Each structure stands twice: as C-alpha cells, then as structure tokens.
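Here come two complexes built around subunit A, the first alongside subunit B, the second alongside subunit C.
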Partner chain A sequence: MSLIDFFIDPVLRGPTWGTLFMCIASGLIGSVLLLRKKTLLAESLSHAAYPGVILGVSLFALAFPAHEEWAFVSVLAGASFSAFLALKGIEWLMRRKVSPDAALCFILAVFFGAGIVAASSMQSQLPSWHQKTQMLLFGQAATMTGIHVALYGGLALSIALFFLLMYRPLQSVLFDRDFSSLLGLNVKWLERLIFCLLLASLIVGIRSVGVILMSGMIIAPAVAARQFTHHLHRMFFLASFFGALSGLLGNFLSIWGSMYLSTETERMTLPTGPSIVLVGSCFAFLSLLFAPQRGLVSRLFRIGAFRLRRLEENILKYFWKKGTLSRKILHETLHVPMWALFLVLRRLKKQGWIEGAYSLTPDGMKRAASIVRLHRLWELYLTEQLKLETGKVHKTAEEMEHILTPDLEERLTHLLGAPTQDPHQQPIPEKSRFP
Partner chain B sequence: MKAWEVEDLHVNYGKKQVLWDVSFSVPPGVMVAIVGPNGAGKSTLLKTALGLVEPLSGKIDLLGQPVKKVKQKIAYVPQRESVDWDFPITALELILMGRYGRLGLLGRLRQADREAALRSLELVGMGDFAHTQIGQLSGGQQQRLFIARALVQGGSLFFLDEPFAGVDLATEKSIVSLLQAQKEEGKTIFSVHHDLPTVEEYFDWVILLNTRLIACGPVKQVFTAENLALTFGKSQELFDEAASLSAKSISGIV
Partner chain C sequence: MSPYWGANFFEFFFLFFTRLFHSVWSQPATDEIQIGVLCMTAISCGLIGPFLVLRKMTMFANSLSHTVLLGIAGTIFFFGKETPFDLTHLLVGALLAAFLTALLTEGLIKGFRLQEDASIGLVFTSLFALGIVFVTLFTKDLHLGLESVVGNVDALKLSDFRASTLLALLNLSLITLFYRQFQIGSFDRGLAKTLSSCSSLFHYLLLFLTSVTCIGAFRAIGVILVLAFLVGPYLTARLFFHRLKPLLVASVLLGCLASLLGVAFSRHLLTTFGLPLSTGGLVVCFIGLLYVLSYIVKKIYRSGMLLTKAHD
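After this line comes the complex of A and B, so read on.
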C-alpha cells in the first residue's frame, strides 16, 4: 500500500479526502475563534449538538423507520438546532451578568448531560438506531463515502472563499469590533456568517472526529499557526495547512497503526478521529515549544544568551577595576562554578577581550570602560534626576548597565550634562571616540 | 449647525444609571475636553454618540444628523486597552483599517489608500515602523498608530477616548499639536481627558460630567473651581448612594 493509494483506493479515498477537507475548514474557522479569544465556544457548541442528534434521529426513526440511508439529514438538522439553542442560552446567561466561562461550561454540561440521558432511554426503545448515534461521540471517519467528500469539499471551499473575499473586513472586525461598526461595516451580518460557518464545520466535523474531540480540531491548527507568524493572512494559510496535514497524518496513523497492532488472532483498530486530533495536538505542542520567535525553547535560548552576556560583562568590569585576576578569585567574588568560568574565560579570550592568565586587551579595556560608564551614568541619573538615596542605586545599576542602548546612553549623557563623576565620587569613564 | 447636540440623554447599564438627563450642544471648530471622575460616564457618552451603546432615551445629533447618516465623517480613537495588541497585524495594516469603511465588505484597497496610510504614518513620526508587528511597539507608539488611523479616516469630527493614558510626554505633545492642526482646518475634536492641569493649555471648550451634566462651555467661562468642586466633590456622593439604592430596590435586592 503506497501513499498514493490513500487518495485513490476506493475504500481509503473517502476518509482521506473527507478528513482533509474537514480539517482545512476547522483550521480556518479555529483561527477566527482563537483571535477572538472564544475557543471555549467550539467546545460548548460541539457538545451541545449531541442532544439534538439523539432527538433528531429518534424522531426520524419513529417517522420513517424504513429510510435509514437518509438519517444523516436528521443528524444535521438536530445538531444545528440544539447548537443554536445552546448559543442563545449562552448569550442569555451572559446578558444576566453570568461570567462567560461559567455560562459556557454550564450550557455544555446541561446539554451534554441531557444528550446522555436521552441516549440511554433511546438504547432500550430503538437499539439499532442507538448504535448509529453512539458513533458520533468519537466519530467514524472510516465509513465516509463520496457524498461526504463532496459535502466537506464544498464546505471547505466556501469557507476558504469567504476568507479570501472578506479578508479585510474580517481582519478589522476581529481586531477592533467597535471601530469596524463605526466604519459602517456590517459587523452583525459578518458575525452571523462566521457563526453559521462555525456551526457548519462543527456539525460536519462531528461525523469524523466526534462531539467530544471536535473542538480540539478547531483549536489545535490555529494554535500551531499562531506561533509562526505576525501576519493574519499567513496565519490563516498555516492553520489550514496544519489542519490538512493533521487530517492526512491522522489517517495514516490510524490505518498503519491498526495494521501494526493487529495479530492473526486479534484485530485491533486505532480510531481515525482521535488519531487526527492527536496529530493536530502534537503540531500545536511542538509549535509552542519550538517556533522560532514565540516558542518556549527559543525564548529560553534568548534568556540564556542574555545571562551569558551579563556574566561576560561583569567579568570584564572586574578586570577593569582590579587589573589581573585569577580564575579562583573570580570564582570567589562572582559565585560562579569554576567550570563555567573556564568556558566563559576561554570564550572571552577567543573573542579578543582578554589575554594571558587573565588581563584585559586594549579592546577589552574600552569595552569594560563603556560598561562602567553606563553603570555610573545610571547611578547619577537615579540620584540626581529621580532623587533616590545614594546607597540604594548600585543594585539597579548592576542590572541596567547590561540593558542600556547607545541611544539611551546618549540621552542620559545629554540629560546629565556630560558628567565626569558618579554619586560615589568615582570618575565616569569617557565615551571612547576611537574604535 | 452644531457639531454635537445632545438632548435629554439617559443611559443605563442594566439597572445602573450611567448618564442621567444630559443635554448640551457644541459648535464646530473647537477642541473639547470631556472631564469627570472615574465612572462618570465619559466613555459611555462617547460611545452613545457613536451609536455603539443604545441610550434609554434622548436624542443625539452629529453635524445636525443622526450618527447613522454621518459615519463617514467621524474619526474615532478608542481606548488603547480596548484591543488585543498581540493581534497578528503590522502598523501599516492597522492604519489602513481607517479606509475599510470606504471599501465596504468586498472592495479592494487602492494605491491612494496605501499612500495615505504611509503619509499618515510619517506624520505621527512612525515611518520606520510600517512593517513592525503592533505588539512590539511601546504604549506611546501604539497610541500614535491609533491617531494615524483616525487621520486617514479623514473625518470632520474626532472622538478620542483617553488618548493620553499611559503615554509619554513627548507623544502627548505631538498628538496635541496634530489635533490642534486639525482644529485649524475647521474640524471638531472631542477628547475624554484625565489630567486637569493641562485642560486650559490644550483645549478651548470643556464638558464637565458626573452622571449628570455639570457644565458645558468655553474653558475660560466654565472651567472654574466651583464647577470642578461640583464635578469631583463630595456633594455627588449622596446622589450616587441614592441612585444605587434606587437601582437595588427596583431589582429587588433590598
């Protein structure tokens, strides 16, 4: 079985294309929810769709017991109806000054609870139909056919088209709602349209991922995409990309995993829906960790780089004050482990700031003097301009000497009138005019 | 024709009275400070004028017409904290939003819109930051962006909600001179203002507000110690207490 088979094989292509489109749609809609800080809405509404599904299918079973192939219409109608009701309930509670997350959770619990109760009474009355609704809890992608693919493809296409045509108004409404309505943009109409698209993607998503995990598929691609860019259009693009990728890889995972786990005597299946959500969540998690600008790892790396520079500058400053120093004395004054000092000193030597068994090179002298200069300028600024006590300024100057930029230095010099002495009557080194 | 005319305006949030029987009118071509203590309804007055908050009763006209008909003539600077500055857009994109009203839902940006946005960015001294993500800017720079966005809207009425909150002095001065230049061109500027000592320096008209209207008129006539005492003084407390008691009785809490 090759990769191409997933797209063309009569059995496999349904789930592959179906989940691919579904995930693109939910990734795009999810970006909107994420930027509006309303991600919990997806969670509440997808759970709230469940009682509607049970009710719809039950009514359908009583009215047309022989037309099982049309039952999906009752699923769609029931789900839309109860999700819409849930939204109205949430809005009503929020108007009553119930806090948004309480309202969302309350509605989720009430609706989902009602759904479970209805489902268990259905189990005894309509056992064969009950089975159909149970699969909607965690979805069942494997049985998707051409009609599903067409439906999901249509939905993904209309959402993508909507984002393309309405990109600017959408951007404006997401960023600043009041301002947009004052511009004369039809904010209410736009929001209703977004809600309808959200509802549509939730309900069709239920078929493949299930009511319980659907919100994960809405949020995960958007969270992943947000970590990589400062541009809205790129975020939309990346969210649909991550969505599509999760859909595909989730499918592979489920099918390969099932084959790998099954033995000759026992058949195991990895369900598709949860696999997709798992892959999507992995993308989100890895992005949070490793994204170049916003990722946790790169931030830790930047913090580490700053600490290293601070240590180096402190060492240079000590050399400037004391002349020649051994590693042992540095260890005792700076409380830095010997091995770390060894590495830092070797680095400083390599970069040409120190030489021999540790004294400053002429270049090192200049760099150290400029650090001392920033330290003393800052102390003078605090005592003279902000009227702080002389005894209390050393500590913050220890920090600021590593922070102040050349621009700030120039402004400080100008403000203080090119001073020559700090508040402790120590000379302030002049700014060196030559490299 | 008056720039802004308010008659018998009442605004409630739930059962709480925010504005109570407010009536005033302001002529065009002046720079107006809206002054009052916290919770006096200053922002609400602004938002009601702009149609963002529904009044309980009363009538508001801008340039002699209801706000719906003059939206294109209004420039608005909301409070800086009212938006998420982590939002993924650049400074230039933010300013371009000032032109979206003219585009409608499906219109495309024109070359002229882009150049106007760039000019306006230069005007507020932010020319170098066109492609910077807005979250990386300082508070003062963010406020300048909001001013630039209002400028490309090209309105003849400016409504600003605390434009100097959390802004450095240099930015404050440059915003004031930009606004005064707009005033010289005959535009009318309304600004919620917190800093009493600068009212006389920056503005030529003042609205003193504390749920009720205390006074409205030229700074020289109206900005008096007596009126300020009425606006910020203790005599207001009794009124507030009675009003809150009334709200509680109506909603059945007491």
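After this line comes the complex of A and C, so read on.
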C-alpha cells in the first residue's frame, strides 16, 4: 500500500479526500475564530449539533427506509438546524446578562443531553440506524464514498472561495470592527455569513472527526498557523495547509491503528476523529515550541542572548574601572555564580577583549570605553534634557547602556553638544572605532 | 422485579414517598439507587457550580470534564480494566487529570502566551483524543469510551451510591469549612490575595473538587452532561436569588428536583409507551426545562407586579 494508493484506490480515496477537504475548511474558519477569540463557540456548537443529527436521521429513516445512502443529507440538515438553534440560544442567554462562558456551557450540555435522549429512543426503535449514528460521536471516515467527497469538497471549496472573494472586507472586520462599519461595510451581514460558514464547516467535520472533537480541528491548525506569521493571508494559507496535513496523517494513523488492533476473529476500529485531532495538536504544540519568531524556544534563546550580552558588557565595564581583577573578586562584587563567570570569561578571552588572569586588551579597552560612554551620555541626557535629579539617573543608565544603538548615540552626542563630562563630573570617553 | 414496574409519573412519586419511610433503606430498587446517585451528584455540582460560574471558569470545567477521560484511561492502565471504579482509583484519576489539565492550560497561557480560549480548547481536545485512543488501546473496546461520554444510569449499583455519597460529603465539608475563602475568592480575587497568602490554593482546591465530581459522575451521567448539573441549576437559581447562600441551597435543590423528575419521567415513558430512554439525558433536559419555566414564571411574576403597582 503506497502513498499514492491513498488518493486513487477506490476504497481508500473516499476517506482521504473527504478528510482533506474537511480539514482545509475547518482550518480556514478556525483562523477567523482564533483572531476573534471565539474558538470555544465551535466547541459548543459542535456538541449542540448532536440532537439535530439524531433527529434528522430518525426522520429520514422513518420516511425513506430504503435509501440509506442518502442519509447524510439528513445529517447535514439536522445538524445545521440544531446548531443554528444553539447559536440563537447562546445569543439569547448572553443578552440576559449570563456570562458568555456559562451560556456556552449550559447550551452545550442541555443540547447534548437532548441528543442522548433522542439517541436512546432511536436505539430502541431503529437499532440498525442507531449503530450508524453512534460513529458520528467520534467520527468514522472509512465509509465515505464519492457522493460524500463531492459534497464535502463542494462545501470546502465554497468556504475557500468566500475567503478569496471577501478577503478585504474580512480583513478589516477582523482587525477593526468599528472602523469597518464606519467605512460602510455591512458588518452584521458579514458576521452572519461567517457564522453560516462556521456551521457548514462544523457539519462537514461531523462525519470524519465527530461532534465531540470537532472543535479541536477548528483550533489546532489555526494556533499552529498563527505562530509563523503576522499576515492574514499567510495565516489562512498555513492554517489550511496544517489542517490538510493533519487530516491526511490522521486518516493514515486511524487506518494503520485499526489494522494493528484488529485480530483475525475481531474487527476493531480506531476512530478517525481522535487520530486527526492528535496529529493536529502535535503540529500546534510543535509550532508553539519551535516557531522561529513566536516559539517558546526562540523566545527563551533571545532572552538568554540578551542576558549574556548584558553580563559581558558589565564585566568589561568593571575591568575598565578597576584594571586587573581575579575571578573571585568578580564573583563577590557582581554576584554571578562561579561557573557562569568561568564560561563568560573564556568567551571574552576567545573574542580578544581580555587577556592573562584577566585584564583588558587594547581592543577590550576601546569596547569597554564605548559602553561607559553610552552610560554617561544617557545620564547627561536625563539630567540636562529631562531635568531629572542627578542621584536618580544611574539606575536607568545601567539598563540603557545595553540597548542604545550607534545611531542613537550619534543623535545624543549631537543633541548634548559633544560633551566631555557627565553629571557626576566624570569624563565621558571619546567615541572610538573598534573593529 | 422492580416495585416501580408499571408505575406512571404520579404513581411513581406516590410509591417513592411511601417507600421512603419503609423499604428504601433495606432493599433499594434500581430507580431509587438512580435517584440517590443523581441527587448526590446534584449536591456536589450544586455546591461547586456557583463558584465556577462566578469565577468565569465554566469553560475550564468543560475542559476538565473532557480530560477526566484521560484520568480514567490512566486508572485502567495502572489498576487493570476489571477494577470497579471505586473511590481511591477515582481520586487518583481525578488528580491526574486535573493536574495535567491545569498545568498545561496555564503553561500555554503564561509560558507560550497563547490566548486563553485557544489554550483551553487545544489542551482538552488533545487530551480527550489521547484518552479515547488509550482507552481503545487498553481495553480493545470502544464501548467504554462511548459510555463515559454519555453515561449509563441503568448500570448503577449500590457501590456507586456509596461513592457518590462520599464525594458529596467531601464537597459539602470542604465548601462549608472554607466557605469564606471560596466566597471572597469568587467575588474579589485581589482582596483574597491581600487577605491571605494561599488564595491560589483554594483556586486549585476548587479545580480538584470539580475534577473529582466530574469523574465521580461519569458512570451515572457521563462526563459531558455533568456540565449541565454544574451550570444549569445555578443559572436557574440566579433568576430568583441574589445572595450566595440561598443560591447554593437553591442550586442543590433544583438539581435534586430535576433528578427526581427525570427518573420518574423515564419510568413513566417506559410504562405507558414502552420507550426506554436515557435517564441521564432526560435529567439534563429537565434542568434545561426548569430554566425556561423559571424564566417564564419570573416574567409573569414581574409583569404582575408591574400591573398591581400601576393600579395603585
């Protein structure tokens, strides 16, 4: 079974393409919800779709018991009906000053309870149909066929098309709602349209991910995409990409897991929903950790690099003031652990700023002098231009000396008229060019 | 043979109250055990729910109610799948789930600077998915996963009643013992912080109690429906009361009322229509119905008051 088989094999291609389309749609809608900080709405609505699904299928089973292959139409209709009802219920509760989270929870639980009652009645009246609706809780992509794929693909395509055509208005509504209504955009209608698309993507997802985990598929690709970019169009693109990837891998995991679990006598299935959501969450957690700009690792690295530079510059400055120093004295005055000092001093030596048992090289002298120059310039700026008292300026200068850029230094020199003395009557070192 | 066999809605109550003074305690019928477990769950939830809603933590409770499945998977992993869900195992599972959920969610918010709603959603969906996969792998049976979501009131035994009573007593004693701390923490977190150094301890205690309650209720009503017990009675009580103590009492009573009505109605449907419906689901429907009814009653009451005032 090669990778291409998943796309063209008549049995395997249905689930593959179906989950692919569905995950692209949920990734797109998820980015909108994430930026509006309303991702938990998806959680509530997807649970609330359950009673509609059950009622829809029951009615269908009573009306057309022979046309089972068309039952998914009733799933779609029922799910959208009850999710819409839930949305109205949440809005109604929130208008009555129920806090949003309580309203979401209450509607979620009551609708799900109604769904369970409906399901239990179905279990006794239409047992064979009940079996099939049970899989909609956790999703079962394996039995998807061409009709499903066409329908779900069509829905996903229309969502993508909407995003493409309405990109500008969508962007302005997402980032500044009041401003866009001032521009004359019909914000209300656009938001209604977004909710319709949310409903569409939720009910498309019910088949392959299931009502309980659908919100995971809305959130995870969007979170992963948000880590990599600040641009809306790239976020949409990345979210659908992550969604598609987790759909494919999750589907594969589910098929593989089912084969692994099944014995010759007993057929077991690993439901599709949990596997897709697991893969999607893995992507989200990995991007939270390792994304280049916003990831935790790179952020910690940036913080660490800055602290290291500050320590190095403080040590150089100290040498400049005191001449030759041993490691022990540095340890006692700067309160830095011995091992850290050892590493930093070795690094400084390698870069050629210090030599011997610790005194500055000529290059190191220049570097240290430039740091002291920044410190004293800033002190002078604070006392002369901002009229701060002389006793208060040292502390901020201690911070600023590590942050000031050469450009700022030039401006300060110009502003203060190339000064030679700082407010404490200490000389300000000459500006020196060091390599 | 259940003594309630063939009883309709009103006969059920008549029988229940007559039996309450005779044989309930010596030979409880299934329906009575159901009522007992559901009422104990209602007490636990009614005591915790108001604090959760006031602290705007219900979505976190939703998260916990999903992740206890991972705790259940953990207990199956450690103690084997044949162990009945007795109290110690439940506590271990609840502790595991609450700890993991709280740690991950707060880690995402503070360490990764992810927005709150997305952190909650990401953590519980992934942990729930993991729980489902583990339960399926350990037990080679998808049924347990399904049952933990929807609950199964009909399988309750006397031991479940004992466990849920103990849980209710635990909740009751801790809430009464630390009532003041919980109250202050719910209304003014800043004040609670200035008054005592361990205000966040009570935050985590509340999380733990929620987790224990969710996991304790999962046999009866399933992990998701517990949410209705946590939020619904409080919202209903809130329509009429504005002080915390009456709110707590009313939430507990409303939860118990919904449980009674649900079990009775389920029996009624079975008797008159031969329809075996999920009792847990019916109870939750009654919680929803009670809210709507209370809302209407309040509206009528208010408009009546306005009319009489206009006459004066």
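Operating definition for what follows: the second predicted complex is superposed on the first by the 353 of 435 C-alpha atoms of A that agree within 3 Å, B and C clash if a C-alpha of one lies under 4 Å from a C-alpha of the other, contacts with A are read in each partner's own complex, and residues count from 1 in each chain.
Keep in mind that, in the parts below, a contact is a pair of C-beta atoms (placed from the backbone, for glycine too) under 8 Å apart; a residue touches a chain by one contact, two chains touch by 3 or more.
In this text the structure is predicted, and so the values were computed from the model without any measurement.
More residues of subunit A lie in contact with C than with the other chain of the pair subunit B and subunit C. In the superposed model, A:L213 makes contact with subunit C only, not with subunit B. When the two complexes are overlaid on their common chain A, residue A:M235 makes contact with subunit B while staying clear of subunit C.
By the document's definition of touching, neither partner reaches A:F290: not subunit B, not subunit C. In the superposition on chain A, A:K37 makes contact with both subunit B and subunit C.
Shared-chain residue A:R168: touches subunit B; no touch with subunit C. Of the two partner chains, neither subunit B nor subunit C is touched by A:F64. Of the two partner chains placed by the overlay, only subunit B lies in contact with A:D178; subunit C stays clear of it. In the superposed pair of complexes, A:L278 makes contact with subunit C only, with no contact to subunit B.
Taken together, the two structures place residues 37 of subunit A in contact with subunit B in one case and with subunit C in the other.
For subunit C in complex with subunit A, the touching residues are 53, 56-59, 61-62, 66, 108, 111-115, 117-118, 120-122, 125-126, 128-130, 132-133, 136-137, 140, 142, 145-146, 149-151, 222, 224-228, 230-232, 234-235, 275-278, 280-285, 287-288, 291. Residues 14, 47, 50-52, 71-72, 74, 76, 78, 82-84, 87-90, 93-94, 97-98, 100-101, 103-107, 109, 133, 135, 153 of subunit B are the ones touching subunit A in the complex.
Against subunit C, the residues of subunit A that register as touching in their complex are 34, 37-40, 42-43, 47, 93, 98-99, 101-102, 104-106, 108-110, 112-117, 119-121, 124, 134, 137-138, 212-213, 215-216, 218-220, 222-223, 257, 261, 266, 268-271, 273-275, 277-278, 281, 284-285, 288, 294, 296. Subunit A makes touch with subunit B in their complex at residues 35, 37, 97, 165-166, 168-169, 171-172, 174-176, 178-186, 190, 226, 229-232, 234-235.
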